Amino acid sequence: MSLLDTIGRKLKGDAETVAKAPVEAARDVRYTVAAIQRGELSPVEPLKTVGSTLGALVLVSLLLFPIYWILIAALSGTGGSIYSSSGLKLFPEAPSLVPFLWVVGDLIVQGYDIVVDIPITNVAVVFSTPQLTLLDVSAIQPGTIGRVAFGSFELFPGFAVEPVENPSAFKSFFWNSLTVAIPTVIIAMSLVVPAAYALSRREFIFRRKILFVYVLLTQVGGGLGIALLIGLYTVYVQLGINDNKLALAVYYAATAVPFNTWLLKTYMDGIPVSYEEAAVVDGAPPWRVVVEVILPLSTAGLATVFIFTFLTGWTEFVVAQTLLGTDNYTLPVGLYSLISEYSIPWARFSAFALTFASPIMLVYLFAQRYIEGGLSFGGVEG
Amino acid sequence: MDTMATITLDSLRKEFDNGRIVAVDDLSVGVEDGEFITVVGPSGCGKSTTLRMVAGLESPTSGHIRIGDEDVTDQHARKRDVAMVFQNYALYPHKTVMENMAFGLRMSTDLSKEERRERVRETAQMMGIEDLLDDKPDELSGGQKQRVALGRAIVREPDVFLFDEPLSNLDAKLRTTMRTEIQRLQNEFGITSLYVTHDQEEAMTMGDRIVILKDGKLQQVGRPKDVYENPANEFVGGFVGSPSMNFLDVVVERDGDRVVLVADDGSFSYRLSKSFSAALRDATHEDELRIGIRPEDVFTATEGSNLIDSTVGVVEPIGSDNYLHLDIGPDFIARVASDIEPEIDETISITFDESDLHVFHPRTGETLLRDEPARRAAPASN
Amino acid sequence: MDTMATITLDSLRKEFDNGRIVAVDDLSVGVEDGEFITVVGPSGCGKSTTLRMVAGLESPTSGHIRIGDEDVTDQHARKRDVAMVFQNYALYPHKTVMENMAFGLRMSTDLSKEERRERVRETAQMMGIEDLLDDKPDELSGGQKQRVALGRAIVREPDVFLFDEPLSNLDAKLRTTMRTEIQRLQNEFGITSLYVTHDQEEAMTMGDRIVILKDGKLQQVGRPKDVYENPANEFVGGFVGSPSMNFLDVVVERDGDRVVLVADDGSFSYRLSKSFSAALRDATHEDELRIGIRPEDVFTATEGSNLIDSTVGVVEPIGSDNYLHLDIGPDFIARVASDIEPEIDETISITFDESDLHVFHPRTGETLLRDEPARRAAPASN
Amino acid sequence: VGVQESSSDGSESDSDGSGETATDSGTDETDASEPAGSASVWYQLAEPEIPGRKSAIEQFNEASKHTVSGSDISDMRKKTTSAIPAGQGPQSFEWAHDWVGDYTQREFVVDQRDEIDIDLDVFTSDAREAIQFEGNLVGLPHDAETVALVYNKDIVDEPPETVADMVAVMEEFHDPGNNKYGLGMPFADGYFLSAWARAFDGYLFDKDADPRIGVALPETVKGVQFAVDNFVPYMPNDPAYEPQAAAFAEGNAAFAINGPWYLSTLNEKGIDYGVAKLPAPEGGKPRPYTGITMWYFSKAMANGGADADAGRSFIEWYTTNEDIALKAAEEQGSIPVLKSLVDSGDLPDTVEGFSEAVKQGSPMPTHPDMRKVWDPVKAALTKAFNGKDVEQAMQSADEEIRSNLD
Amino acid sequence: MSTASRVARRVEDIPFLDKRDASLLFVLPGLFVFSAFMLFPVVYLIGISFTDAAPANLFAGEGALSVLTFGEATFIGIKNYVDVLFGGTFRIVLFGQSIATLPINGQFWNSFGVTWLFVATSVALKIAFSLGLALVVTAERVRGKRIMRSLIILPMGLPSIFTITVWRGIFSSAEFGLANQLLTMFGLETVSWLSERWLAFAAYNVTEMWLAYPFMVIITVSALQDVPDELHEAAMVDGASYVSRFFHVTLPSIKRPVFFASILTAAASFQQFLIPFVFNEGGPARQNELIVVYGYREALSFSEYGRGAAISIIALLFIGAFMWLNVKRGRLADGVNDA
């Protein structure tokens, strides 16, 4: 799959850049210092750079402070709270991983018995796969996290660790979220990609009208969810599909259609027609043109649409909460159910939210430039 | 190539915007098997449109296209056995050079993967790009990209080659090199080719014959030398050759059986020979004419008849020669040897041979004295 | 302009990427007031970088730039009284032509709005673009854009004009027209100009003097004719002039006091005159040499000494002349009159004047016989 | 039958008489060899309480032929209001009794007076009263809750008897500049403030009184004013629950006025606390609203059938099971409503404190119109907390309630 | 593929469609699903808004058919709309003086007004802040821009319900609320954020900004990167200072993408639900009840589905008109078409 290949290569490139960053920075500093020493560069220049960078850093830290703040709450043990009457603390006093352990729960791969009947004979051979215990939170000992993977190396020195009884249902929420988000992505992509291609490359009846409607509904679609909730809920209930993850996924996919179609269409507009023409002249039938040329060249757009649709399924709360029954709670609903009538168990709540968001954040971290590319409304320029 | 790959364009017409734009207008041209035809004309004259119709990327509004004996007018681009080289190369950025070159084979033949690679490797070797096969297009320099684009076309061994300004993105030096390279390849393979350019020098040097378009209409087809020497009209005369042909508006006066051409502002007069006068009288009865004289046919002289005095505006040295901008007419240039370096504002005398004179209809711009050989045969008879 | 706007570049050096790329290397050039200097060289040789340093858009790593008497090395771009014309015109797309042209005045003078409009209108009239003043750039054709870009620079009446390949996006014909226009304006205003191009013909025809760069290093500065006739080294010889100078590797053999140059494959020999031989012996003791001869200096001959037999590869007609590709050396071209049209593979004899010979060091490429006048004075003495 | 065996297992584990009631009822039903049903029950609990609830359900499932599945709901009001009318609701859900009137009127819950097999007299009278509305019995109670005075034993030696005493202690300890506070009490919540609003014979809502809405009565205003004067100066500045709770939970406040659910937080934080009844104001007595947590008979039970049986027998078993009640009392500080337990004196000290507070107060009104009282009162209390004129604030709340009731 | 082409051939037979219109088939599935799941509920909602629908009657009736009859709700005409718009009275109070009493529904119009105000302020804030931030993380002098850009979009990955709950904590009125601690750090008095109307409104704005800025910043950054360097350089040579360049080059060049993003985000602001709901349920005293919250509360908290639907429809009309105006005026659909 050349798409994955490309992504892999880009990731590797990114990783290399990140890895080389310190070396490069050192080189930069040495070069600058040398220039100053030779008297070729006024020392003010690097100072300006340092100053601006520091300023930007401060700004970024301020922006991210809320996230850091809840991380502290999460690391402050089960009693952690963002309401701290003892004033602002920049570091957790008694750092503890218990809330996270509580969220993650046991990571145990059950052992399976594989029975192979040997033909003719009456003998059956039984293979038992070992039970693979990555993490057993109820039996965990202080200083053992990371031992499985890192041998005797303690991964989080200084963090309190204790056995956790009754870990959260995170895994089941996680599974639910996955089974909502993945169909959402699949359905949405299969609706969006052909439409975006057609809107970008073909001329047909009602094309402009559809585009207009889509642009009109780009945002209305998503947000109206709440206003439409009553209608939606009634209809779903009457049809008896309200507690159905697939139905929810279809709904999410539907809401994602206008914006993402439009987004991808805009992105595809930026791909020079000559690639397509080259492929046609090379003898490629239309679908191969799309598969071999258009799609690989739309990577950034596709990645953006992928992330956006996935996010819809992954983080949407209000509709999921209304439609789904407890067994099917997705992560955000599960998260919200931690809140009881009066109080919020902040440490667990934060740990839950951060665990829940960290894959997304990782994706963002690496896909940032795709999203940037995918969201550069080049076609809007006019 | 075992088939006869002639190309016949038969009253081709292409309209855009519901007929508001006529890009190509009643164009009929026949291309012999193995011939290299260059298509030239100012921007927007319909060169690309013509080429794209041959490739099948546009369908003609009316008229027919035949490749060999087959009428391909309604055939899909991918069914036509043509290869095209695009202005921006249109190399698939996500594929390696190898994949780029093999793509056409993969689409239009059923060679095995190994065979394809073998074919690509052979071609690459011939083009001197075998070391680049694993690179992606954006790692290549302009010239290398150009070679890959050529290689991609060649490897398919098509019936017809189409080039749309393939060299216009290269710098002057590289352009000359690549030009020779394309000529070499064409000599080697003898594939029927249609080559679009807006650079008349390129058209002249490369084409077996040259097609000149203006506003979608055919102006002239012919061997470069013929076109240069016998332009069909003022436009062709001015378009072909660098620096451009000089044009002057003159009034026809009679002096016995001789004709005297007098500048409309009276600044000079030029007396024609008897035979030329007779020919001219046979050709037209207009009182006014437009004459053309090529810069290299203008020479400085100090004695003799038909001397024209003029002031030097600018002297442009191009090394091998000098261009003198003279005030005889608008943009009047004489190309003289590089050791003739008059001062600016100096007055010099120039003249030219009657045989080098081109005579055009003052309004339609048609060439009036077409049958040159007769006239040329007696250049000294004035 | 009342101030003396000379430009002095003093040991200018520019490094990129922390010194990994040296774009400009120890460049010293002085530009007279009112002079038009063209800077030429292959792609990536540092032309743009040099120009941008003068404009203040890059700051030099070391060295100094003076405009007039003032050292502007550390001055911000907007404080320098320079105007620049960019390759892609860089017209503000959202401003009308009027606003585009008035913007510089608005920023750098304190003329009233009315005065500014007046100035713009005058300039526009001069440039023949007064009808376009209310249009937006994207409604203009390439040539019109170019005119506006020029007008925008001119209207500010700067001390110094900088051009970065301003014509490279235009087609051949328009390029010639605009070239003349720029020359006319330059004559009219006499503003000191630095004009970057990669087209040697443009450089030759336009420049009062021409600066040739390669790999960031100055190769030669001089009047176009001098550079053409006395290239400082093989690179300049090959770069300036079209088609390129032909180069041949020869072995120096002696025949009494005459020197005979023998092709290294023995295919021809060329016997030098006594005086030339003496001069050559004075200049170098190398056994091998590289000689250069310009295509227009090669002529066909049937009798006389120093005849060289060669096979014709390709005949390129460019109208006024024909280019013969000969098998004497790699890419050996002779420019001959257009009526000399040998068949392909025909063997013809050519020769050239000793006085047109350029002799280069076989390894360094330096010109070995610099002092031409002496040698030129006695061309007939062989 | 196996079922009987397992239910008698259940009775064996029950220690005394009240346990037998449950077993009896179970046996009565199964006699008729009716089919086994399955019921779903909803609850919305704080995280620490969930395991206990789960094991209780498991215990029931083991002991009964019926199966009950419990779900922790993330927003009970929203979920019930949307799901129950749509026929998607559970057999039962657990909530305080204040929805009794409203939900009965909206037909979300149904009367099961004739269906149940237990004697309501096992419950305290307040609890009995709370689960009925206009003659409908819409659920069974399992514990009571109210707010009481929680004090930090490191700071306060003896719980104060009067507000004046309490103010003296607070005065001494309060020092917001150094993060020390006298009291943490979610002021803006009518439930928490009811003790004081009603301390001088005021009331918020009384379906039998005239006017029914007592928000703007001078007596009520006086009560609120009293709270404003005596407590607000010693509290953190945010009237919401979380910050108020945080102050005491971190050992930074001398007193808290809060409910039993608060104790798990305090245990976690390791605060050495005591619970006492509310101190008396001068010239009045604190009358907190009490909430009776109950299992509602949801609409899904209306048509009877095995599933309804399952739900009902679960509720009956749960509400009459002393073990569960006792365990909840010990672990969550909840106040039993089983008379047998209330009178037994086995309750932990903290629960005793709450128990006494319950005795001080009276159940929240069950009338549906009460629903429209809370929000305006909350707004008025917020204003009062922020130093606005109390009378005006209560007056406008009164107006709003009236206009909403039209 | 072959079925598709067979269908395509069929379609060609329809007189007014020609061959190229077969491409419509690529768009139809998306359009259909979207309509089914979004437009049908809208139509349904419109239907409900003319009835006295409440949970009790709406779900009555059996089977899918009763969807179409709205259960057993009865048709009451435009009463809901009349109630929403004109029910009740609205006192205009100026300087504590009641100057006029209008026969309109004060609650609705207040909600309506505050919603638009919120749209205006939050969008202005979002644009200004994101633009500033985007300029910082693309500034030439700043090192490590890529990493910073990756970092600042992280908030987009947090579930908004969580984020908003956290911001509720930040804006706690308590002395130790984070916002108040900041004030204290600067030597200011602490304030009661959520219990004072305009402070609460400000808190909504800040939170909305934090929620929305990553999206805006991404768009702005990519727009900024699309501004040709040559334009800046031309302006520099023309003598323009940083500020002039910002106004004459940067701003006009990024105008369209930013405008587009602003419209999207304006629509999002208009439909903001969680922030007011979680913060103080649109309080204090329903003063900041944004329109969606208002509709939601009417519908679900008070079980007046018909009324809630009417409110939602009115909101929809307005946001629809707003979008339509902007899309038309900004020629957003055209722009993409001409590209």
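Per-chain residue numbering starts at 1, and chain names A, B, C, D and E are given in the order in which the chains are listed.
Keep in mind that, in the parts below, a residue touches a chain if its C-beta (ideal position, glycine included) is under 8 Å from a C-beta of that chain, and two chains touch if they have at least 3 such contacts.
This one's a predicted model, so the numbers in the text were calculated from it and none came from an experiment.
Chains that touch both chain B and chain E are the following: A, C. Between chain D and chain E, the least number of touching-chain steps is 1. For the criterion of most C-beta pairs in contact, the winning chain pair is A-E.
Between the CA-based centres of chain C and chain E the separation comes to 59 Å, rounded to the whole angstrom.
Chain centres here are Cα means. That of chain C falls 92 Å from that of chain D.
Mean C-alpha positions place chain A and chain C at a centre distance of 55 Å. Spacing of chain A relative to chain E, judged by their CA centroids, is 23 angstrom.
Chain E has residues 58-59, 169, 172, 174, 176-177, 300 in contact with two or more other chains. Taken residue by residue, chain B touches two or more other chains at no position, since every residue touches fewer.
For chain A, the set of residues that touch two or more other chains comprises 83-87, 234, 237, 336, 339, 344.
Pairs of chains meeting the touch criterion: A-B, A-C, A-D, A-E, B-C, C-E, D-E.
Residue ranges on chain C touching chain E, taken from their complex, read 52, 55-57, 76-80, 82-84, 86-88, 90-95, 103-104, 107-108, 152, 156, 162.
For chain B in complex with chain C, the residues that touch the partner chain are 42-43, 142, 171-173, 176, 180, 183, 187, 198-201, 204-206, 224-225, 228-229, 239-244, 294-296, 314, 316-321, 323, 325, 331, 335, 338, 341. Listing the residues of chain A that touch chain B in their complex gives 2, 6, 272, 274-275, 277-285, 288, 292-293, 296-297, 299. Within the complex, the chain A residues that touch chain D are 78-79, 81, 83-87, 165-166, 168, 233-234, 237, 242-243, 321-322, 325-327, 329, 333-334, 336-345, 348.
Across the interface of their complex, chain C is touched by residues 24, 27-28, 30-31, 35, 38, 40, 42 of chain A.
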